[in-house]
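In the two complexes that follow, chain A is the common piece, with chain B as its partner first and chain C second.
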Partner chain A sequence: MSKPTVASLHQALRKSFKSLENNQKVWKSALVECSPLMESLGNLAEQSRALSNVQISNTPLRDFPDLEDRLRFKLLQATDTVLGKLNEKMSSLQSARDAISNQVCAVLQLYEQNTDSLDVLTVTERSATTPSIADMLEWLQDAERHYRQQFLRRKTLLQMLRADNLSLLESAPKRWKTLESPSAEDCITDTIYKVSFFMESQ
Partner chain B sequence: MKSLRQLSVDPSDRGSQRCRLGPGLMSELGLSLGSPLLVSVPGGSCLCTAWPRPDLAEGFLQMDLKCSSPSLISHPPTHLHLDPGQLKPVPCPKLKGVKITVVVQSVDFKKHTPPRLVHELVKDMLKGVHVHETYVINLEDFDTDIRYVVIESINPDSASTGIITSKTGVEIAGIQTVRHYRSQLQDQHTVSLGGLEEVSASLREMLQLPLLYPGTLSSLGVSCPRGVLLVGPPGVGKTLLVHRVVGEVGASLVVVRGPEVVGSRPGESEEKLRAVFERARSAAEEGPCVLFLDELDTLCPKRTGSSAPENRLVAQLLTLMDGIDQSDRFLIVGATNRPDSLDSALRRPGRFDREVIIGAPTLQQRKAILSVLCARMPVCPSVDMAELAQRTTGYVGADLSALCREAAMHAVREISKGSGEQVVRMKHFQDALKLVRPSCLRSSLGRTELSPVSWEQIGGLEEVKLKLRQSIEWPMRYPEAFVRLGLSQPRGVLLYGPPGCAKTTLVRAAASSSRCTFLSVSGADLYSPYVGDSEKALAQLFRQARACAPCILFLDEIDSLIGSRSNSQMPNGVHTRLLSVLLNEMDGVGLKTLERRGTEKILQAEGVEENHTQEQLDHQEVCNKDVMVVAATNRPDCIDSALLRPGRLDHIIYVPPPDQQARLAVLKVCTKSMPVDADVCLEELATKTELYSGADLESLCKEAALMALQEENMEASVIKHTYFLQSLRKMSPSLTAQQIHTYQTPLR
Partner chain C sequence: MDGVSGDIMVTSTNRKCSAVTGSARKIKDNAADWHNLMLRWEKLNEDGFNVAAYIVNMRLSQNSQLQLVDQSSSLSSASAAPAAPAVGAAELQDECCKLQDVVDKMVTVVKKMEQLMTSQRGIQDLEEFQFGPEGRKCPLFHTWNTKQFKLLSGVLWEAFSQELKLKQTILQELAHTETSDLCMVYLSCWLHQPFIPPQIRLTLESVLLETGHRPL
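This part shows the complex of A and B:
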C-alpha cells in the first residue's frame, strides 16, 4: 500500500477530468458551428441537382452565354469554401480529441509505471466520495474511445464526399445528424458529475 | 478453481477490447488493469485486456472480441463455461510495424477510396489496440465501411502479440470485401469427398491453370475454358463436388438456384440473371470465382417454337455466356441430371466447353465413399468396408450417407436402451440396408422385393442347378477364377422347359445366392397404348440395370413378351420392336456416353501380390460390369433365333420334368412342413406320379392335407397314406409324353 503513488495518480486523474471537461465544451461548440455549414452543403447539392435537371436552352435564360457552366463553377466554388470551413472545424475537433487522448495516455502510463505498488485491491477500493481508480480509468478510456469514434465517423463522412456523386452530397447533412449520439455524450457529462466530489476533495 | 460463466458483453464495453473479470481472479493471475490476456475458447482464442467488473463479482467473464482468431468472427462463442486455466497473460511489447489486410464492406468503397485515406483511417482506428499475429481485428464499432483488419505479420516478429501505438508503421497488403473474406473463411472447414478424385482434379485444373499461368495461355494464343457441365444421376455429389473444389482452390462461389432467378414480371428473370453475372464479375476481380448454376435443366429447358418466357431466359444466358471476355476470370459450372432436356445451344464449346460425366459409383468408389463417411463415426473395427461396398450395388453417394445415418440411428437406439458400447456394428449396417434402397432403382419398372429362396428349397434338378450356378452365380462370386482361365461372363441364360417345373423359383434362388441387384419385368410393365412407349421402357430398364451393375434382369415368359420375327402376323408389331431393342441392348455397339461409370482400370495381371483383397476388388470390378439377362419360357420354339445365338443368350438350359428321383426329392421338400403318417411311402408316390410336374406334386400334397381335414374334421393331426392315394386318383398329370418329346428335340 503506497499512499504517495495513489495520491499522485489521483492528482493526475483530477487533471485529466479537468481537461476532459474543458475539451468537451470545445468539442460541443465546434459541432454546433458545423451544423449550419453542413446545411449549406446540402443546399448547394440540391442546387446542383436542380441545375442538372433543367434544360437552360428551354428557358428565357438561354440568351446568357455559358450560363450552365458558369453556374456550375459558382456552385463548386461555394462547395469548396464550405468544405474548407468544415475542414477548419474538423481540425479544432481533432485538437480536442488529441488533447483528451494525450491526457488519458499520460494517466494510463503513470498507472502502468506504478503497477508493482498498486495491487488490484487498491485500484478497486472505492468510497462515498472517491470512485475507485479502476472506475475512473475506465471512464476516461470510454470517453477517449467515444471521441475517437465520433471524429473518425465524421471524418470518413466528409472524406467520402465526391463532387460527381450528388446523392451522397445531398444526404450528407442528414447522415451528419445521425452520427450524434446524445446518450454517449450524456454519459461523459454524468462521469464528470460523478467525479465532482473527488475533484473538489483535493 | 471455480469455472467461469461467460456472459454477453456489456454494450458500453463494445469495442473496448476489455475482458471483465472478478478482481480476485485478476490478482490470482497476477494481472493489473489493462494487462493483455489470451483467452482460449473452443474453436479459437481472443486477445483481450483484463479489467475488473464494476460490481467486483467473481465467477463471471465478459469479453469483447475485438481481436480474435478468424474462426470466431462467424461463430462468436456464447454461454460458455471456462476454466481459469484457459486465461493466459501474454506480454505485449510496442510494435514497430504491422502488415495488414483491410476488409471493407462494399466494392464501391474499395474502388473509390484512395489508398492514402484508407491508410490514415485504419491507422487511427488501430491505435492502442493489442494485436496478435494472424488474428482479425473487428472494427465494426466504428460504423464505417472498414469492417475488419487481418493482421498478416508484425514487426518485431520475435513475439506473436503486441500493441499498436501512434509510432507503429502500418502497411496495407491488400483490400478485400467482406463477402470475399467470409467465403474464404467458410472454405476452411469443408467436408471431404470420396471416390471423385479424378473429376475433382480436372475441375481444379480448369480453375487454377488460368490463374497460375496466365502468361502461358496468352502466349499460346488459346483462351482458357470457361464452362463446365456436370452431368450425373441425382445424389452422386455434383453440388458437393463444386463446393469442395471451390473450397480447396480458395475461390469465391456465386450460386444460382433455378427458381431464385425466375420472377413473375416479364423481363424480371433476365434482369436477375444479369445481376448474378455482375456479382460474379465483381467477385472475380478479387480472386478466382466460380459461378455455379445448379439444376440447370430447370433454368434452361429446350426452347420451343412458341414464345414461352423460358426462351427469353435461355437467350439471356446464352448471350451472357458469350459476353464473358477474357478479362473476366470466372468459371461457370452447371449441374444437371437431365442433360437431354438442356437447350442444345448451351452445349457447345465456348459456352459449356467441357462436360464431365459422373456416373453411379463403382465398387471402388463406393468403398472410398464409405470410408470417408465412416471416418467420423465410431465404427466397430470388425465392419468390413469392402463387403459393405459389395452389398450396396446401385447406391449413390447420397444413398450411402443415408445408409450410414440409418446405421448410426440404429446404434443410438440400441445405446439408449442401455446395452452395449457406443460403436456402430455390422449388424446395424445390415438393418439399415433393409431400410435404405438404392435411389437408382427408385420408380424403376422391374424393382421387385423377393423373398430369398435357397437352393435346398428346390427338390431335384441337380444338374440344372449346377449349370445355373455355373452361369449366374460363379461369374458374380468368383470372377478372379474366370479371369484366370480367360473366360468371359455369359451375357444371358435361357431357361426352358414344361410349365410348372420350377424355372422361376430357380432364378429366384440364383438371385438370392449371388447377392446382386435383381430386376424382373413382365408384359404388364412394358406394354402401353402409346407407340414407342414400350421400347422406351425396356431401354430405360436396361439403363437402370447397367447403373446398378452387377445386376440380374429376369424376363419371365419371354415368348409372350418379345415373340419372334419369323412367325409373327404383324411384321411391325410391338413385339418386333421390343425384340430389336432387346437385341441391341444385349449386344449393341456400345454404351451411351452418359452411362460412363468410374474410370478405366487396367487389370494388374500378375506380379504385385502386396494387397490381395485389393486385387480381388479389381477383378470384381472388371468382371461385373455387365447386366446378366435371364429369360424363362415354356415355348422355346417361339423365340427369335437371333436371341439364341452365343453372345446374347449363351446358355440354354433345359429344365426337365422331374424323374422319379427328382419327384421323390420334390415330395420330400413339399411334405417337410406337413405331419405325415408313418405309413406314408413317398417312394411309392414318386413311382406312381409319372408325368407330374413339380407344381402338380405340390398341389397333390396340398390336396391330401385338405382331404385329411375334410374327413377328420378340423382335429386331424396327421395325413394318412390313403389321402395321398385318394387325391392321386382325382388328379391327372399336366404334362403329356408328346409335349416332353417336343422339348427334348434340340433347339439350335
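This part shows the complex of A and C:
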C-alpha cells in the first residue's frame, strides 16, 4: 500500500542528493576563492597597523604633510574593495546553502505528509544498494545543518569587522581558517558515496 | 554614431579620416600620450614594488640572521658569520640599483608629462592670442574649452610629480630602515600611491572621451 509513497520519496531523495552534490562543489569553489581575499584583508590591516605605529613626523617622510591621511584613505579604499569582493563570494555561499536547505525541507515535508502510510519497517528497511529512508533523511539534515552553521559563522565573522578595529581585521584570516571543518565536509562527501548506487538506480 | 548636433557630426567624420588639425590634433595626441604614460607608470610601479618588497624581505631576514649570529657567537664561535653579510650586501646593492633604475624611468615619465602640460599651456596661450581672453567660441571637440584641457593636465601632472617625490624618498631610505613598521609603511606607500587620487583614472577617461579616443 505504501509502494507509490516510497517511490516518490525515493525520487525526492535522489533529487536532494543530486542538489547536495552540485552545491557542495559550488560551496567549495566559492570558499577557495575567499582565502586569498581574507589574506589580503589581513595584510591591509597589517599595513594600517604599521602606519599607526609610525610617527610620520619623525621619519624621512615628514616632507609630505598629508601623507598619513592620504595613505590611510587608500588603505581604507582597498579594504573596502576586498570586503566588497568577499560579499560577492558570500552571496554564492548563501545561494548554495539556500538551494540545499530548500531541497532538504521539501523532502522532509514530503516525508511528514506521508508518515501515516509509512510504518517503521518501511522507513528503516535497507538493502545492499539502497540505504534506509531514515538514514538518508538524517544524512541530508546533517548536511543541511552543516552548511547553515558554516554560513552563519562566516557571515558573523565578516559582520563583526570594523574598519577602526585593527586587531579584529588582523586576526580575521586566522579565525576564518579555524572555521574550516574538513571532517564535516568529508562526512558529506562520504554520504554522497554511500548513496551513489541508490542515485544510479531508477 | 550619427550625431544629432552639428559638432558631433564634424568630429565623428574627422575621426574616421583623422583629419583633425591644429590645436585639436595636438590636444588629441596629448590625450593619447597621457594614456600611454599613465600605463607605463603603472607598469613601472608594479616592477618597482616587487623589487622594493624583495629589498625589505632581505633586510628583515638579514636582521634576524644577525641576531641569531650574535646569539650563537656569544655562546660559541660562529664560523660562517663574517662571509654571510658580505654576500647579502652585494645582493642588496644589486636590488637597490634595480630600484634606482625603475625610479629613473619614472623620472623620465614625469618629465614627459611635464612636457605635455607645457604644450597644453602653449595651446591655451595660442588660443588666447588668436581669439582673445575668452578663447574660441565653439569647442574643439564636444563641449570642453581649451582651458579645461590645460587645467586637467595640470591636475594629472601635479599628482604624478608629487608621487615621484615620494618614490624618490622611499628609494633613498628603504635599504637603511631598521624598523619593520617603517618598512611596511614605505611598501604600502609604494603600492597604494597615496598622491594619485582614485578619480585620476576618471579624469583621464573623460579626456579620452572628449577627444574621441573612446566612442561616445
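Of note:
Methods note: the second predicted complex is superposed on the first by the 201 of 202 C-alpha atoms of A that agree within 3 Å, B and C clash if a C-alpha of one lies under 4 Å from a C-alpha of the other, contacts with A are read in each partner's own complex, and residues count from 1 in each chain.
Quick note on the criterion: contacts are C-beta pairs under 8 Å (C-beta built on N, C-alpha and C of every residue); 3 or more make two chains touch, one makes a residue touch a chain.
From a predicted model like this one, the values you see are computed outputs, not experimental measurements.
Applying the stated clash criterion after superposition on chain A shows that chain B and chain C can sit side by side. Once chain A of one complex is fitted onto chain A of the other, the partner contacts of A:54 are limited to chain C, with no touch recorded for chain B. In the superposition on chain A, A:46 makes contact with chain C only, while chain B stays out of contact range.
Residue contacts after overlaying the shared chain place A:70 against chain C, while chain B stays out of touching range. Once the two complexes are laid over each other on the shared chain, residue contacts for A:137 go to chain B alone; chain C is not touched.
Taking chain A as the reference chain, the count of touched residues is higher for B when chain B and chain C are set side by side. When both complexes are overlaid on chain A, the residue A:167 reaches neither chain B nor chain C.
Between chain B and chain C, the shortest distance over C-alpha atoms in the superposed arrangement works out to 29 Å. On chain A, the surface touched by chain B in one complex and the surface touched by chain C in the other have no residue in common. By the touch criterion stated above, chain A contacts chain C in their complex at residues 46-47, 49-51, 53-54, 56, 59-61, 63-64, 67, 70-71, 73-75, 77-78. Of all residues in chain C, only 162, 165-166, 169, 172-173, 179-182, 184-185, 187-189, 192-195, 198 touch chain A in the complex they form. On the chain A side of its complex with chain B, the touching residues are 108, 111-112, 115, 118-121, 123-124, 133-135, 137-138, 141-142, 145, 148-149, 152-153, 155-156, 159-160, 162, 187.
The touching residues of chain B, counted against chain A in their complex, run 12, 15-16, 23, 26-27, 31-34, 51-52, 54, 56, 109, 112-113, 117, 121, 124-125, 127, 141-145.
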